[in-house]
Structures are given as structure tokens and as C-alpha cells.
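After this come two complexes, each holding chain A, first together with chain B and then together with chain C.
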Partner chain A sequence: MSSTRKVALPAALRTSVRMRSNRDVRGNDWQVRRSMHEKEDRAGYALVAPTTILLSVFYLFPLAQTVVFSFTNWSPTDGRELQFQGLDNFIGLFNPTNGFVAALGNTALIAAIVVPGSMLLGLIFAALLDGPVRGRAFYRTMIFAPYIAPVVGSGLIFSYLLTPLGGLVNAALRPLGFPPVPFLTTEPWAIIAIIMFVIWQQVGYTMIIYAAALATIPPSYHEAAKLDGAGVVRRFFSISLPLVTPISGFLVITGLINTMQIFTQVYVLTGGGPVGSTKTVVFWIYEQGFTFFNGGAATAASVVLLLIGIVITVLQLKLLSSRDATEMV
Partner chain B sequence: MAAATVAALAACSGNPGSDDATGGSGERTTITLWNRATSPAAEKLTELVERFNNSQDQYTVESQYIPADGFNVRVLQAINSNQAPNVVLSDGNPSQLGEAIETGEIVALDDLFGTGDYPLEATDIPEGMLATGIFDGTTYAVPTEGGNYAIIYNKQMFDEAGIDELPTTWAEVRAAAETLTTGGRYGIYLPIGSNEWPVYTWQSMLWSAGGEFLDEDNTEVRFDSPEGVEALTVWTDLVEDGYAYPSSAADSNQQTGFPAFNAGLFAMFIGQPRDVALTKEALGAENVGVFTFPEVSEPAANTGTNVSYIIDGTDEQEAGSYAFLSWFLQPEQQTEWDIAASYLPTNLGTAETEAFRAYLEANPDLQVFVDQLTYAKSRPSILNYAEVSAALGAELERAMLLQKSPADALQDAAALGQPALDD
Partner chain C sequence: MRLSLALDPAPVGTTPAAPYAKIARRRRPLASRVPAALRHLVLILATVVFFGPFVWMALVSLKSAPEALAIPPTFLPTEWRWENYTRLFEIAPFGRFYLNTVVVAGLSTLGQVATSLMAGYAFARLKFRGRNIIFVILLAALMVPFEIVFTPLISMLSSFGWINTYQGLIVPNIPSILGVFLFRQFFSNFPSEIEDASRIDGANVWQRFRLIMAPMAVPMIGSFAILSFVYNWNNFFFQLIAVNRTDMFTVQLGLTFLQDQEGASNFNLLMAGSTLAVIPVIIVFLLFQNQIVKAISGGLR
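This part shows the complex of A and B:
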């Protein structure tokens, strides 16, 4: 049975199998080549082995386990025998009383504003800091810093800035005649605060990516346009913007994936409140998993989130590849 | 994310303990203890463990710090993977204990009381506190950290408002709050938020109004009773009439709102023993006072007790674990522990020690908290407490934000919380 089974071989192995069939023709020369290839193969496998092992242990195995658990009554805390539950966990997610749908809506709202918002601001900053601007490195560092700052730390600083009790933001609004705004504890301010915080974090990343894209535009394009009398604004819209557009697709995908996984920001700033208005999907999953120990619901929600991520990525890649094809034509 | 969830939930590593029958030092049995104490409690615990180890030659306790965040999940994971410690010191709320007991690996203590070298009887522990560790009639855990709450108030504001007598009922609190509310300052801060604190504090309101949280069998929610509505209306009326500091304006990271209290934005709040020191530091010891948690119609108080328990092991390990726990709960040790960590005594004898009496004399405000323990009750020890609490907490918040009437909020909370009990 096993001898007739077809097994898909990696490309490098297929090569050496093909070569083996040519043994008589190639003679000794082939022997040398084969041993070279084998060495290369071994080296290649050795190089990818650590990553493959790590990915398998820490990503693929838990991923498969999550999918399996999502159809069972698994709980992270007890060792009872797993019972198959069919689609119960998944159907249960869409019971309006358990808050998953609302968390999905909150996540979608955050993504819908954060992704374009951080991209637009990133592009603006990248464009402003493109070329020989005085203090460019300083500004870039300042804008990029939030992206690498620990979320818990910057979240706490944000909560101090936003508190109605002498927070800097409210202190600045007071002379303008505004009463203290309880940003983190009232609707809809709380989710607005979360969105602002995430944009503030993300914009450094989008700026750096756009800056790299802008740097690849040959200066001759701008020089030619300048000779034709195009001003800065016109050059940006006619040359820079179209040429950095392909990178936007990449930023949309990474931005959506990132915002789908927002957790720490919510945990630190609002704890999901007020009245659950800032609970995101991952926060919901955390609550089910770690507070209520509903492993089945938590894993089912994780699988739903994974599927949404896959769908978004596939759609984006399709759109991008079709546009690339059009552009090439 | 999917992978991350399971990786996070499943990868909590345990420390070997239950399989190590003996340690490396001769005949001594090694007892592994997990704690989540942070400074200054951590320093005191290290000192106490060392003292226990030096006080006898049978057992060596090895104390290991596990971060509080996810502590309970780690314990449960460790139990399920046979890597559990022998003793878990001061685990959190009732549902967490319930989850641990569900594993079937927690040692029942009823037969151990009164045995061993360190005399500890169940009757040494206040009934309400001991109840936290009783699950389906069996005692699985002993309280090692006690806490409750009372009203902390700004003495200076009370003096200026001419309030001579401290309120004993919520009607009197309301009258005081009305007088104290003036010029942007509010009378009282009431707990709110999507967490356990509002539920925990409101339970005293419910009991004081004559209501019950669950039925006798812990199978039906009972907080949506007329007494519950009455208890919640006391608070929502204070908000509606503008005598309570608008809870929506509180910092979401501060459950009791004491930073706003320190800033003079309101005159009273429901606080814990440790809040007394913090507020005195900010406002001056002479400006801060404490009075008993007021009645709606009868005295009531809730005790928060962190409990400790023993996990199945060899006979020597279980005996050693109990020896340590019963030693740790002796008044002498507990006095030191309570003073270092701002906890209330969980052994009736502790409050009688000379050292603790001296401590209370130096900090008379804490006497209020200690006195309340005589009638304090604990939250129900049930498996799905967290879900019931979350359902109630969200609805209490809606009521306090005046988005729902108290009756509707409690009814909805009951509808959401009951399925957790039915599971």
C-alpha cells in the first residue's frame, strides 16, 4: 500500500530523484553532482529546520489544536475527556446576549478607522519628511517611537493624559471652555480614545514604509516634472502618490491583521468598558478563556477570527495581483 | 490569533513539586509553595518561610513566586499536567477555588483541622470567612488574607459642613451627601465599572436590604428581588440626584476612585484598609476618617478572602503542607503577615495578640474593618461565579449610568447570569 502511495516531494528532492534515473548516461560526473546536491539539500534543511520546528511547535500545532478544540467542550483548566460538540460552539458565538457579535462590530469599527487613518497620516508624515528637511531624523524618530514603545506603558501614559482629573488633555481643553471630558469611561468617547491611541501607535510604521517607497522614486521624475512647471503638490499627486500606491495594499493587509488582534490597548485603557463598548474580539476571547474558562467558545471565536483574517488576506492579494497585472499591461 | 490563544492557554508551565517526595537535605520533605505576593508582603513571606524551615527538621518549604496575572490558570494547568505545587497560597475569588476543586486534586481539610504540631481548628476562623473555602459542604481551603470595606471620609469636609454624627444608614449617608455636595464637589463616590469590585461592594447593599445573591442551593440567582431593586435604587438615586460623584467621570483604572478623593472632588467613598493609608498620606492623617459600612435596613458586610489550599501529593507532602498552613495561620505569624500586607485577621486569635492590638491602637481606623468581620459574609463558593458576576457587573454599570432602571437592570442581569448556573 505504502509503496504505491504518491508523496509530494520538495523541489530539491525531486531533482535528485530525476538525476538518479540518469545514472547510466551521466556516469561518474553525476556521482559528484549528486553528492554536491545532497550536501546542498542537507544544508538547506539544516537552515530551515530551526524555523520549521519552532513554527510547528509554537504555531502549527497549537493552531491545529485550536481548530480541534473549537468543536469540543475543551476547557483550559480541567483535564476531563473531550466531547465532540459539533457546531454548538460556533452557533453559540452568534447568540446576541454573549457579546461576541458586538465585539466583532467594535473590532470592525476600530479597523475601519485605524487602517485608513494611520495610512493617511503616515503618508502625510512620510511626504513631509521626504527630502532634505531640517530635523528629519528627529521627527521620524519621534513619530516612530510609539510603534516600538511597550503598549502597557504608553497605554498608562495615555490614560493619565485623558483622565478628567487633571489629565493634560482636559487641562488643555479647559481654557477653551470645554467641561472635563471623561474620555475613557463614557460612550462613545472610550472607543474614540482607543482608536486615537492605536492610530498614534501605528502611524510610525506606515510612515516608515511609505518613506521607503518614496525613496525608491528616481529623482529624475521629479526633476522632469519640475522643468514642466509642476509644483510640490502637483508632483506629489501626479508622481509620488501613484508610485507608492502598490505599497498601500500591503499596509492594508498588515493593518487589518494588526487591528483585528487589538487587546492590550483595550485591557490597559478601558478594561472593555464602559458597559462593554470597547470590547474587541480578542478581548472577548481572553475573557472567555481566562476569566470564564469557556475554552470551546474561546477557541471557536479564535477560529472565526482566523477565517476572517484569511478571507481578508486572500481578497487583498487577489485585488493586488489583478491590479499589478493591469499596471503591467 | 487562534494559535496564540491555545498556546497562551496551554503553555502555562508548571513547576515540578508534587512528584518530588523529598528534597536534597537529608530526611526533609520538600514542600513547594506557589505565591503571588508582591512587596512588602513578599519580603515578609520570605522571612516567614525561612522561619518555618528553621523551626523544625521535617519539612523544607520552597516558595515560588507566580505573577498574579493568570495565577489561577497556571495553577489549574499545573494540576492537570501533574506539575502542581503542594500548597497554593492565597488564590483569588470563589469561582477560582471552585475551578481548582473541580479537578478533584484538592485535599479536603475537615479531617486535618486539629491535627499536627500547630493547633488550628475550623472554629478559629470566622464563619463567614471559612465559608469561602467550603464547597458542597466540604472545606477545601482556609482563608489566609482577609479584607473588607467601609466608608472612608474627609473629616475636614464633614467639619465644614457641620456634620457631627457619622452616618449609620444609607438614608443618613444620603442626607450627608446632600449637605456635602456643593460647588462642583460631590458627597460620595460609588463603585462602578465592568469588574468584580462593584458587584462585591453591592452585595453588602443587597444583604443589608434583606436580599440574597443566590438561593440556598446556589442554583438560582436571587439578586433580582424587590430587596435587590431597593438596594440598587439607593445608589442610583444618589447618582440621579447629583449627590454622588458621576461615576462615568472616574478613572477606569481606579476602582475606588481615591485619586479623586485625594483631589477633594468628593467627601466619601467605599474603601479597603489599604486605602486608608494611601488617603492619609495624601490628605494628612487628621483629615481622613472611617465609618462602618452603612445599613439599608440591617448590618451587612462582605469579606474578601484569598484562600490557600493543599494539592494531592504523598502522605508526607500533604502532612507537611498542612503543617505549614496551620503554622502560617497561627496568630503570631498572621499578625506579622497582616501588618506587612494590610490584611485583616482570618484567625480570631490574631486580633487578640498584643502586637495586633498595638497595631490597631496606632491605626484606630482599622478597628472599624475588624469589627465588621463579626457579621461579615463571603461571596458564594460556586464554580461559575465569574460569569454571574460579569453579567451583574455590566447591568449594575448600566443602572449607575442611568441607562436602565434598577429593576430592569437586575432582571436582565438575572437572565444573563442564570444560564451560567445552569451549565
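This part shows the complex of A and C:
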């Protein structure tokens, strides 16, 4: 491609392009610049080395191992010789009896509700808190707190709120005539509880991101529309919403990647039960790797998760390269 | 503009505030204030839903075990059982858990700040061969969740003899790609004149980084350090797989340990433990929320 273009260039232009590159400039100046560059090279490598080396050892190398092990009978505990097993581990994943497909389905269900749910609520709160609202900082802090609190701590709080004995939720439902529901140990309530919990955690984040996006909209847009007689609802749908759309794309992607990784919420609230109805993919991998020491299945499932992540990432890159996104983000 | 900022949110459909807006505001009919009232109603409800559970946690942590399970629940404890907290330290070594968490979260944060600051500066300001390739590798790693690589990682840590050690809990945590991005962003947006001037004065790369650029980044270092500390304090998944000895437990692990031990019968103690786990983060958050919010929303810019 590039060579054909070079030929097409007029001769004069070609020399001027070549003149500008360092290689063709001769003389003392070149020597000085060259040595300065080498110093910058060395400093650059030294400065990025800690991150790059640690990342390679503790992240990229295990990642490569994950991919390799997924084709073998690897086990994290015994030191047996690795045997290549082809696609056996991957085919095994889709055997319905081992629960991987169900875990994948649960994760997808959680994502399908949590991502739009937390975005919608976050947008509503961001819009309510946009502009001069009395107590704005207070409300923002209150709504954001769950996002920053440790998952184990707030998970225990939720499990307490949802118990049949002493739990506030059941106490609130009693006067309405509902019998006590053991939310965390009955289907389908357990996964609903997980979904509610994750939404509760995530809304603070989506609110902050939307608030930042809404703040970048020039007030003059709203003022002009106001003069034209547009009410607050109309202005929200005709001005604010279209202008935060690129941010919504960003939130969908990060939300999907975050829900892919859900583990602690399940571990603390339900332990995957009842009858596996709340197991997520990462929970399933954890169980295979550290309860059953079934490294082949665990790594194969990780590779499947990785592939899903790659698909989402490619979508993200496409999104980021679109014109609107680069302007807004 | 300034006037309206000082006032209540302008209700829908009213004309823009004129001079003497304060008087005009008092004369506005009640009906025109409803949207603001509705807005506050929704927000107060949200406050109860989002922050209420933490208040409830603190209250239950001071109740007796039977009172915590009473139907209907009491709001304030009938007798304030402060001794729940001393009991907590008797049934589990919470002091040790705290010490472990402070050491692990503190040193991980230090490492994340130092390495990200260096790498962020290099990626933003230095031209070295292979820079873009290394950066793309980092970018790719950002997209791969940690949850995908942990099975081989743990067997690697165990072959190092790093299970149940501080280095095992800290070192793998140190590379922070988000940190590199934040600092790279910060240094890229920074005007280059100051650095150029010092370059002309003969400062080499290290001097420029140490004496000029790093001190300029102090506000950003602060924001990222707080964010990183909160993240490391809350971390659970990695610790769960890197530790199995009680004396190396962090607060988060100690809590699940407590959950297994006390089960559903002693929710007052579980809530006391949760309070101990949550309180430091909430305090850090209340003190530094502007920095935290800025760092989080700045991550996408």
C-alpha cells in the first residue's frame, strides 16, 4: 500500500519528505539530537519497566498459561505432566450437567437487567441533581456511597435486610399480607436479590458519569429552548438525552465488562445457591479451580469469558472511534 | 445566571428570575413549587434506599442478638450494646485483620502510585522506541479482567512460596493500568513550556521528572492514591484466593470468616463487623469525595 503511494508522489515532494526525517540530516546537530534521544529512550524504558514487568509476570504470563492450559488436563494442585486434550475441555463446558451454561445464562440475565437498570436510575438522579439544587452534594454523597463501600460489608447488610427473621424487607411486606419470604434461599428471589444489590451498588457510578456528561452541555442550549417554551421534560428528551448518548455507549461497555466479573456479591449473599441458580461464570470458574481442582475446565471457561470480553472490547473500540464519542469523551 | 444560582431551582414554566427575584420568589403560587418538592421527595427516598442500609447496619450492630431478629424490628436499640464490639475482637482477631489490611492496602497503594506516575509520565512525555507497542499491550491488558487469569496466577504464587505472605498479597496488585492512564492523561494535558524551559536549562529527563513534573502532579497523585487505597481496602477476590491462614486474613476475609462462624443467628455481631469494614471507607470518602469523584469521572476523559 505505502510503496505504491510513494511512487505516485511527485519527485519534488518526495525529497522534501525525505529531508525532514532525521536519517537524512547530516552534521553536528544530528549527533547531538541522536544522543539526546538515546538518553530519553533509556529513561523511558526505565520508567515504564516496573509496570510492564509486573504486568507481564502477574498478568500476561498467567493469561498465556490460561489459554495453553485450557487445551490440557492441567490441575492447579498436582504436578502431573500436561496432556494435550484438544477441545475436550471446551466441549465439556457445554455439557448441561456441569452448570457452566446455566452460569453463563445467569451472568447474561444479571447483565441484561443491571446494565440498563443502573444506567436509567443513574441518569434520572444525575438529571435531578443537574444545576443548582439545594442539598446537591449531600444527595450525591448518599447515592454514591454504596459504590465505594466494600462489597463484603454491604453484602452482609443486604443479607440481613433480606432475612425472614428481623429483616427489614420482610417486616415491610408483612402488613401488606405477604408471608415471610427467605429471599436468598428460594428461587427466583435469590437472583432477583443479587440483581437488586448490584444495581444498588452501580447507580452511584452511572450517576457520576452522567452528571459529568450533563455538566458539559452548554447552558445556552437549555436557555434557548426555554425561551422557545420547552418545558423541563421536553428539554431533557430533546437536548440532554441525545447529548449524553455517547456516554451511554461507554457505560454499556464498562457495565457489561463489570457484570462479567461478578463474584463477591454472589459469594457473600447466596454462595451460588439455591441449586446453583445464582452462580455466575466467575463463581463457576472459582469453584472448578479451587474446590474441584479442575484446572482444565476452569481455564477453558476463562478463555470463553475472554472471548466474550474481546467481542465487547472490539465493540468499544468501534464506538470510541466514532466521531461523537471522541468529541464527548 | 449568577442570580439564579443563588436561588432554588427555577420551577418549570416560570419566567427567568428578574431583579428582586427574592421577593418574586416568595410571591410565587404554591403550585409552581411542586416540581422542586417532587424532586426533593424522590431524592430523599433515594437517600433512604442508598444510604439507609448503612445507618441500619450501625444501629443493629448495637442491639442484642434477640433484638436484631425481633419482629417487628425496633428502630433504635432498646439497650445500647457497645460490648458487641469487644466481643467481636474476642471471637476473631479483628486487630490482626485490621493490621493486615492496613499493611496490604497501604503498600499496594504506594506501589500503584509510584509505578503509575512513572509510566504515565514516560508515555505522555518521552519518545522512546516501542512506546506505542508497549502502550497497546497495556491497553489490551486493561480489557482483560483479572478474574480470567487467576487460576494459573495462584499456582504461580504458590510455586514462589507467596501464598499467605504480604508480598503475595501486595506485589501482583501493583501494576495499575488505570493509574497509568490517569497519569498519562494528566501529563498529556499539561502545557509543555515549563518542561521545555528546564530542558533548555540543561535538566535531564530524571531531573525534569523528579523536580518539575512529579511535584506538579501532586493533586492528581492525591486523587489516585485515595482511589487506589479504597480499591485495595475493598479488594476481596484476590485475597480470598491468595490467603488461607486466619492470621493473614484481611478485614474483608475476616468478615466472611465471621459469616461462616456466626451464621444467621448473630446478625448484631455480623453488623458490627461490617461497620468496622465499611467505616474507614466511608470516612475517607466523606473527607475526599471531591477527589474521588473527579478521579472516577476523569477516568473516561
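Everything that follows uses one rule, which is that the second predicted complex is superposed on the first by the 291 of 329 C-alpha atoms of A that agree within 3 Å, B and C clash if a C-alpha of one lies under 4 Å from a C-alpha of the other, contacts with A are read in each partner's own complex, and residues count from 1 in each chain.
Assume contacts are C-beta pairs under 8 Å (C-beta built on N, C-alpha and C of every residue); 3 or more make two chains touch, one makes a residue touch a chain.
Not measured: the values here are computed from a predicted model.
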item: Partner chain in contact with A:318 - chain B first, chain C second, else both or neither; value: neither
item: Which superposed partner A:285 touches (first chain B, second chain C, both, neither); value: both
item: Which of chain B and chain C A:144 touches, first, second, both or neither; value: second
item: First, second, both or neither for A:97, with chain B first and chain C second; value: first
item: Partner, of chain C and chain B, that touches more residues belonging to chain A; value: C
item: First, second, both or neither for A:276, with chain B first and chain C second; value: first
item: Which of chain B and chain C A:166 touches, first, second, both or neither; value: both
item: Partner chain(s) touched by A:63 [first = chain B, second = chain C, both, neither]; value: both
item: Touching partner for A:185 - first (chain B), second (chain C), both, neither; value: first
item: Residues of chain A contacting chain B in one complex and chain C in the other; value: 58-60, 62-63, 65-66, 69, 76, 156, 163, 165-166, 260-261, 282, 285, 289-290, 295, 298-299, 302, 305-306, 309
item: Of chain B, residues touching chain A in the complex; value: 1-10, 70, 73, 76-77, 79-80, 99, 102-103, 193-195, 246-253, 259-260, 263, 265, 384, 386-387, 390, 394, 397-398, 401, 403, 415-416, 420
item: Partner chain A, residues of chain C touching it in the complex; value: 1, 4-9, 12-13, 16, 35, 39-40, 42-43, 46-47, 49-51, 53-54, 56-57, 60, 68-73, 114-116, 118-119, 121-123, 126-129, 131, 134, 137-138, 141, 143-156, 171-172, 174-177, 180, 204-206, 209, 230, 233-234, 236-237, 240-241, 251-252, 255-256, 259, 264, 267, 270-271, 273-275, 277-278, 281-282, 285-286, 289, 292-293, 296-297, 300-301
item: Partner chain C, residues of chain A touching it in the complex; value: 37, 39-41, 43-45, 47-48, 50-52, 54-55, 58-63, 65-66, 69, 76, 124-125, 128-129, 131-135, 138-146, 148-154, 156-158, 160-161, 163, 165-168, 171, 174, 200, 203-205, 208-209, 211-212, 219, 226, 231-232, 247, 250, 257, 260-261, 263-264, 267-268, 282, 285-286, 289-290, 295, 298-299, 302, 305-306, 309-310, 313, 316, 329
item: For the chain A and chain B complex, residues of the former touching the latter; value: 58-60, 62-63, 65-67, 69, 76-79, 97, 156, 159, 163-166, 180, 182, 184-186, 260-261, 269-276, 282, 285, 287, 289-293, 295, 298-299, 302-303, 305-306, 309
